[in-house]
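For reference, chains read A, B, C and D in written order, and residue numbers begin at 1 within each chain.
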Amino acid sequence: MTASGMGTATMAKALNDGLRKSMEDDPKVVIMGEDVGKLGGVFRITDGLQKDFGEDRVIDTPLAESGIIGTAVGLAIRGYRPVCEIQFDGFVFPGFDQIVSQVAKFHNRSAGLVKMPITIRIPFGGGIGAVEHHSESPETYFAHTAGLKVVSCSNPSDAYWMIQQAVADDDPVIFCEPKRLYHAAKAEIDEAPTPLYKARVVRPGQHVTVVGYGPTVSTVLSAAQTAAEDGLELEVIDLRSVSPLDMPTVVESVKRTGRLIVVHEAPHSFGVGAEIAARVTEAAFYSLEAPVLRVTGYDTPYPPSRLEHEWLPNLDRVLDTVDKIMEF
Amino acid sequence: MSEHVHAVHPEPDMVQLLTPEGQRVEHPDYKLDISEDEIASLYRDLVLVRRIDTEAIALQRQGELGLWASLLGQEAAQIGAGRALKKQDMSFPTYREHGVAWCRDVDPLVLLGLYRGTNLGGWDPKSNNFNLYTIVIGAQTLHATGYAMGVVRDGAVGTGDPDRDTAVLAFFGDGASSQGDVNESFVWAGAGNLPVVFFCQNNQWAISEPVERQSRVPLYQRSAGFGFPGVRVDGNDVLACLAVTRKALDDARSAQGPTFIEAYTYRMNPHTTNDDPRRYRLGSEAETWKLKDPIERVRAYLTREAKIDPSFFADVDAEAKQLAEHVRKGCRELPDPTPESLFDNVHVTMPDELRTQRDEFTDFVNEVSA
Amino acid sequence: MTASGMGTATMAKALNDGLRKSMEDDPKVVIMGEDVGKLGGVFRITDGLQKDFGEDRVIDTPLAESGIIGTAVGLAIRGYRPVCEIQFDGFVFPGFDQIVSQVAKFHNRSAGLVKMPITIRIPFGGGIGAVEHHSESPETYFAHTAGLKVVSCSNPSDAYWMIQQAVADDDPVIFCEPKRLYHAAKAEIDEAPTPLYKARVVRPGQHVTVVGYGPTVSTVLSAAQTAAEDGLELEVIDLRSVSPLDMPTVVESVKRTGRLIVVHEAPHSFGVGAEIAARVTEAAFYSLEAPVLRVTGYDTPYPPSRLEHEWLPNLDRVLDTVDKIMEF
Amino acid sequence: MSEHVHAVHPEPDMVQLLTPEGQRVEHPDYKLDISEDEIASLYRDLVLVRRIDTEAIALQRQGELGLWASLLGQEAAQIGAGRALKKQDMSFPTYREHGVAWCRDVDPLVLLGLYRGTNLGGWDPKSNNFNLYTIVIGAQTLHATGYAMGVVRDGAVGTGDPDRDTAVLAFFGDGASSQGDVNESFVWAGAGNLPVVFFCQNNQWAISEPVERQSRVPLYQRSAGFGFPGVRVDGNDVLACLAVTRKALDDARSAQGPTFIEAYTYRMNPHTTNDDPRRYRLGSEAETWKLKDPIERVRAYLTREAKIDPSFFADVDAEAKQLAEHVRKGCRELPDPTPESLFDNVHVTMPDELRTQRDEFTDFVNEVSA
């Protein structure tokens, strides 16, 4: 009984159902990673899948991320469709070389003769009170890497559909899962998916456009609610895809509001916000009433958990930036 | 087939000097001349670090710690290895070596910040020659190896001066043995004949994965192909762990090169306080390992063989109580970091752009709290 | 006899002399990498140093980049000041985990009690007709990583001084060397250095500010020359430091010219140009006559060498963008 | 010391079936039953791939290639290994396996694009079961291992069907043995008992670094500690390389698991056409290896023992001439890529934003050329 069937689900369950669906739909889909078998992953996203699909399709790998990605490349050459789970964001880096030099480039190097339909799932972002290396936001590294696509879900319904779309995509996809939302409130699963690389306006408004993705969307939505009480209507866009960027949706909105704020957890400098700011300013130069502002993690290592809520983009910081941008 | 190195060796005996029943046994290669007072002192170590662990778990349950990685069952491996270190030796732990920290005279409270979330470790590796806990699996083995390169360059090996010659002890787990970094550290150590000892606590599990997922042959065999010896020791036997590690460190200090030690033990508790082992292993497994408890066998020896005065055990228990109180109280009193400190120590010299970020942040915080 | 003594030198010789000076000044400086010994590195940057300083200070390492960086961390803990050579840009990625999770964070994790005075030298950029993985521009990955500083030299004099400043810095520095300029024309070595993290206006002008660093500075300068013939005065800024960014110098210039173009070889999206565009737009919003434009590598893997000159920012592309920005 | 695995083994003999003087010798474990015609055919392979190499070097000198990695001296290792492959077997080369490519019926011209700079390889690994050249040291060993995982999942090992059972052959060098990726591939292969054979050409050098920088013990010993056998073979003896690789591949196909083969050979030429070996090694070293030339010994055997008709050698030389002409001519005729192709095959489905970049680029190119 899958999420869509049952109407509502948590993000964790929706991902689990989505993966199950992908495995049912395509016998070439294999799941591989650390503890994805009996344990079902440390977040239980693959719960029950090994029991139902066997150890050949849900593979507990040795403890080495370069090995996970590198063997996935070999499986892809053999015609498989690997879904790799990275246990926590901070542990994707030992596999970084295989991702940027092999996964991202193989299709191009082979003149299009080999496909790399690999999905790399990364539970990412902070706010769960974890120890170091467990709350990183590495999406920008991958977005800056040609050949990779990078997406992130912000709610159970997108989680259910987007994971299936990512796995079905013949291109490699970095799938960033906002881990602190895994077990948040259940939500309705839509009957049909939105195209994977399209952004979505999740709340209309005329004063300021605010863009988020993954874990920051809910923060932005509550900011919009508060702002509304002061008569400020924020238009909230859930980016969904970090690379490619759905600029038409963002630019159309900014041309109406004249103001844009981008919100993400990754460090401020050289982050996703910078790229969106640069593109929007180029595409809507004469419509902008103010420069694009960013609410992001700071240019420091992710802090000890007792400070993470000060470090992360939070309601106050978003609202403060809304005030700032209205002063222009 | 002379040119074949066979993969499948007959499983050799582990080095053992004290049986689970508390009998001392001899081993041809590892004589340990140790007094009963010294054994009693090891017993004290074992009991106290287990007590620290018990308290930390309780503190996590009470919400005082965000997480804890328990050493239960691995006390002998850690105390044996830790007590083999000389003052000048350097040690590189994972996140579980609370027993080694104890041997390095690191106040248990120092370890709690990382798990409470008040800091990222934040102690000085040099003050007790005990490196920061490293969570990225295997990364510290390369740090240990590089440190050993420094030791060689400082002329601190093979001089014969017992206070100068220095060894490095790197800790890691059975799962870590699969990481590229760990194997690269073997390449460096072997090719460079470096004064580093690799101490692998094979506690049979890497979270939910049994050691068979990492290797079909005993882990201690890994090092030979990199050019240095490997030995398996009963990781629940503090005397054997002490003797084997002492010899390996002596070899390292006297420029004899690296050794790989596989301490064969068992993780009695969940991987961390977040883990649920019922999903992947049988409780009966822990039951059989309970019979090999690292503390019981020492107590049995001290009672039966050494006929030690019972008051000794009472004293140790009393000391454990005090230590527990120290940990409980100290944990709650660990200072919370100030928001401004977010920007400290990112660099030795803070760039202007970061200073600007900090100042805006501080203004904002004051504004909000105002 | 060092470069400064001899007046002029190629960039390769200037770097070699700079490293020699650093090793003379500080006995804790060690050089480590693949083939840095007898061979002097594939580009001969460490030529003769092992002969003069011995195998203990100029170390031919085993062939493994994570090992090179990871052992450098251990050497730093022991009190050494390692200079790691990565043979080519594309081969820094196996060492990426040790760089972003250990080198970048160690000082912070130790509450400032341990320093990581590690310099990681990376011959980077294209234009030398090489095979794949030998022409990458990875600077953005490091600039987005808190705790790292990223610099690049564009001429022999800066090469000579900046490498010494980087090695002397107590913070980890990613030192990007424009490999195609290693053996370009000799140039005068200044008597004294510019502060390491300061940008430099290398040509004054009033119409458009054009920012480059490393290999693109010379391209931009020749564009400025051509543009001048058409009466357009480009103000050319050599960034020198990618992180931290010397924004005061850039913003002051843009406030005069009202127009900014950023030129780099790294792929367009989520690159250095985006961050500069975002910051300048925020700092000089009312002074901008046009959006910040970027001339960069495209969002594709680095191409086969027969196409690299079309792919790289070149004179024509810079001039074309100058025309574009003047049309606003 | 039962629980010790000793690091320092007595150097065993390499497997050799044909001496440098051209005498066939027996080996207890590696019987090779091969006809003289087959040996003659191996001779032909050796001569032809050496000729391809010679031509490529010349083309680089003439500026027709940007770079070339010569196989001179390693012909026997590559032909022996390559000829042991069955059609369905998959192979994963580095950047130097031109001889293996030849055995896989890959037109030499296909290999030149990467070195000429007209493409990044651009051939289909499946069409000849020969993967793209991999320049990132060691990366391909994990690809080979993953491919072998796929083979197992396809039920293509241990069925006994000679046309179905499939093995994977991964090539790498002595220097590569230090990379984390290579050792991780050993972990996977050993723990999973996978049908992959690791063929290491120890040509004594990693650019300027002698193999001693990577290991103080013979490389073939590396695999035992990962759970599978290692064997050293005379890499200049095509018969031995054929026999040893054939057995290893047979074992893999019949689900007996992986084997590590160290082919002991020598890089007679500079690392690549960019390299200057005079800076780091003595010419006399190459002189002594000349005496072990992989081709001479086969020719000596065919002449003296097999009494083969001299016309055979003339025919092979004639064929080599033709092949050389094919390479020379074909290289110059390799099509240059079009500027527009810059944006091809970055993705299977091109994102709109990249299409926009391509269109602007195309307009610009037309503008400029207009």
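Criterion: a residue touches a chain if its C-beta (ideal position, glycine included) is under 8 Å from a C-beta of that chain, and two chains touch if they have at least 3 such contacts.
Quantities reported herein were computed from a predicted structural model and do not represent experimental measurements.
When the interfaces C-D and A-D are ranked by how many C-beta pairs touch across them, A-D comes first. Averaging C-alpha coordinates per chain and comparing to chain C, the farthest chain turns out to be B. For the pair chain A and chain B, the distance between C-alpha centroids works out to 36 Å. Between chain A and chain D, the centres computed from C-alpha atoms are 41 Å apart. With centres set at the average Cα position, the gap from chain A to chain C is 31 Å. Across the assembly, chain B contributes residues 119-120, 136, 178-181, 184, 187, 191, 213-214, 346, 353-354 that each touch 2 or more other chains. The set of chain C residues that touch two or more partner chains comprises 61-62, 64, 66-67, 90, 94, 97, 101, 105, 108-109, 132-133, 146-147, 245, 269, 298-301. The touching residues of chain C, counted against chain B in their complex, run 30, 56-57, 59, 61-62, 64, 66-67, 69-80, 94, 97-98, 101-102, 105-115, 146-147, 149, 169-171, 197, 244-245, 247. Listed in rising order, the residues of chain D touching chain A in the complex are 90, 119-126, 131-132, 136, 139, 141-154, 180-181, 184-185, 187-188, 191, 344-349, 351-354.
On the side of chain D, the complex with chain B involves touching residues 1-9, 12-15, 28-29, 177-181, 183-184, 187, 190-191, 193, 212-217, 220-232. On chain C, the positions that touch chain D within their shared complex are 34-35, 37-40, 42, 60-64, 66-67, 90-91, 94, 129-134, 268-269, 298-301, 303-308, 310-311, 316-317, 320. Remark: chain A residues 66, 90, 93-94, 96-97, 100-101, 104-105, 108-109, 132-133, 140-141, 143-147, 243, 245, 266-267, 269-275, 277-279, 281-282, 285, 290-294, 298-301, 328 touch chain C in the complex.
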